[in-house]
């Protein structure tokens, strides 16, 4: 959809209030980069339930939603913490005990479904899938025969998220967003979704934003909230690197239901929300993540 | 296809030599902007015949190929000189006398066919076409039924140009290209075609090019030739505006077969090729087109 | 103060735009192009103006150039769409209005910009439809216009070729074709203004002050009904006229008209509601 | 000079790359990631190196970080692809080689990265396939690898779930499925190296110097043939070792291994052809 209000600035609570229980959400960024963590934490604070998430390879955003009991259906292509921190603890536990519905998908399939939505088409063919077991997870897929070659391909329906949650390093009051590559699926999410709900580390003037370059234009964006370190502990380059230590703290806590609940109590359910979160992390620890550009040694040192 | 040579620089004659008689060519740019005019002129000089061109809305590039007898099939969405200079004279004459095959298409249809090529798919559905007479020009189109909704849509095959002819204001020796918006279909041409054959006004260092931003990466580009004013009389911003006066000279000449032939003799079949072309235009007239950024009055004055 | 017909025509086109619409014009359409900027600067400040062949979003060009993709047309735009970004938006229904013209236009608003005469050997090979064919099916509303109504060859009983979709085609109406766009809403010609009746046929509702209904009927190749009370097209305000002149100092809009139409001149009657 | 097993393993992966190939690794694959940079800096200078989750083209990262999409991984790249740009290239056949691993791998090179045990109630929910499923069908050649062969649970007779395509699946072989990619060409494990026979089954061709064929057989859940002469995997050169250490100073590659494997240490024997 298209949003024409000249000023889209709202606070985080208002931004998150656009998301209802059971919403189909596209999660921006991926792995350790530009995860919409502030929005995820706010949705947990507001007690959202029954969420259905779609996207490519994600980590703590999905796992935290699972740990908080906010998520019902997971349609990401991967959820985990790579080789470094391993499997996603809460996600794994919920999947193995059947408390969430698994609709694991594949990058090209998701991309194709988003393209169908973006192109206004009721289906698109996709190459691959045949020969794998992915259709066991997706009984909704169908088949289509190429009218030119006779080849039978898998057909997929459009995927129209209710909202795309996107964190950007910079934005303006109209909702224009600058992203640093990789954009992952965020541009496609913007075109396919009913709305983009954005957080940005910093709101700047449109002139300054144009200097950086606009990746996602304002007309896709329903609301933009300025939340410094809004992707933490994921990265938001060029502003800050990811906080490997804090990711480790989370993964350790999430390994058991009790300590996961304690993490959420301690780091998410703070009465003063994101201000409290940043205060608890401490100025020094956050500033350290911004020093990546000083030298290779400094950058490397963040991950040692 | 992917081209890995670290140095793709060639002269214009060599660049054009990659195009054979009867080739299916995607023409970069559109209307009065970034037309691959130097390549078009060189193909005429080399006596190419039977060319099949595809693309969106074009003007003098197509008309000159028609006037020179180099073109057999036209699959653009529009050929003309807008309201300002009117219908395309040689194209119109050839179309009305049946000496070229008309396969006029529509932007979304061409885009969809290029996407099929880019996505490695044997067909794609397209919305529209039904109810129009476009299928009279395209008996190759078929139909496909959506397996989810039962809707019958037109199905189109992939369009895989033998080469995309793209003019860029700046490039580097590897073949990376910077384009100023509108990119029109050039990015899609790069992904869908067997090769990109590029001309650039100026070859710069990769570092300088990265400052501008790379629009089309080197691995799509088979050959890049430095040809100053290689889009003339089309524009190549930020370097130069279009030469409305020269477009007018061409359109007038093209209105009759004899004067069209004379234009080609006088402006294209020069023994020293593009050097001769620029010399004939004169330094002063070319430099004038670069003054657009000096003031609104200057810019407007170019078109008065 | 006097004004000329091209100015009135452009203002009339501008008034077919509502505020908060997403609006697009094609290339080679200077009247529609100027009209969009007039609307944006008067009654439709929050429209999303997508500039023709540039796909620039809400630009503020210093002047309208005689070509549709000169860089001047994206000046002041923070963002320009990619080609596919615009066309995808149009197909999925995110564009509310498009301006569309044609060498032939029938009663249902089907248009021909491909060829006059038999396709195999056209009498006139027109330029071609650009992107209109597909997106005429899905864009919210269409404002059709022509500056060649008086020729008698433009508003025809039957298009020799249907390039862009009106309300009803030989293959069926929009609902039967599965199209989500609303089709032609207005048609503005140098003689008057039409809307469309419940059967999708053009109906004359207004004429310009120097035109009568009989003139319109003589120039029109199809039968049409008229509104009970055919009014005179509302005059431009001096604010609108100033904006037309400011945005189009080169008079590019005039290139759409037969020279005779440009001699039509009117006295501006001061409107008390206008703060000129 | 001594070197450790993780270094030898990475160099062995690197040698599966030919010069002038377009090569990709997925995220969470530090061994493949380091291997690609080793190849690019040694025998394959003109390969097109596409950096995993960054889609950066020929970057020159100052170090390999412990996450696959840290910005350090695009340093020195003039260009980074978009997500769709990479995946389109992979599907249409413009990518020559991909590195692929799995929690389970069968004799035909089908891999499971989705779930061990019944899908409805998995014993272990693995992370998921990322993009491998579709593109394993169309990429030119696959280099499979695992660092968990010795566990006995990785190379299995039958995958509990097929996420990525090998040579033959229960639904047919690649030709029958209409897939253009060549499928698995090599499989490198911490015990040895396999190629694939004409029936698409893994065949042991090399073992590491501290491994014998029986050890491999005991750890493998499917029957396999061996080359007539099972050789020892070629040792790394000191140039290759220096590059491994230089590109991966944090030792991120080690995170793929059971700690016991990291204690495997070797003496470097000077090769007269090596200009160390």
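So that you can tell them apart, the chains are marked A, B, C and D in the order they are listed, and the count of residues begins at 1 in each.
Operating definition for what follows: a contact is a pair of C-beta atoms (placed from the backbone, for glycine too) under 8 Å apart; a residue touches a chain by one contact, two chains touch by 3 or more.
The structure presented is a predicted model; accordingly, all values stated were derived computationally and were not measured.
More inter-chain C-beta contacts link the pair B-C than the other of B-C and A-C.
Chain D has its Cα centroid 28 Å from the Cα centroid of chain A.
Rounded to a whole number, the gap between the C-alpha centres of chain B and chain D is 42 angstrom.
Residue positions 91, 138 of chain D are each in touch with at least two other chains. Of all residues in chain B, those touching 2 or more other chains are 119-121, 127, 151, listed in ascending order.
Under the stated contact rule, the graph of chain-to-chain touches falls outside the line, ring, star and complete shapes. Here, these are the chain pairs in contact: A-B, A-C, A-D, B-C, B-D. Every residue of chain D that touches chain B in the complex is listed here, in rising order: 20, 22, 46-48, 57, 78-79, 81, 85, 88-89, 91-94, 138. Those residues of chain B whose C-beta lies close enough to touch chain D in the complex are 1-2, 4-6, 117-121, 172, 174, 176, 191, 206, 209-210, 214, 217-219. Those residues of chain B lying in contact with chain C across their complex are 30-33, 56-57, 76-80, 82-84, 87-88, 91-92, 95-98, 102, 104, 106-109, 111, 115, 126-134, 136-137, 151-152, 180-185, 187-188, 235, 237-238, 241-242, 244, 292, 296, 299-300, 303-304. On the chain A side of its complex with chain B, the touching residues are 112, 119-125, 127, 142-144, 146-149, 151, 153, 155, 157, 213. Residue ranges of chain C in contact with chain B, taken from their complex: 27-30, 53-56, 62-63, 65-72, 74, 80, 82-84, 87, 90-91, 114-115, 119-138, 161-165, 169, 171-172, 177-179, 249-250, 252, 255-256.
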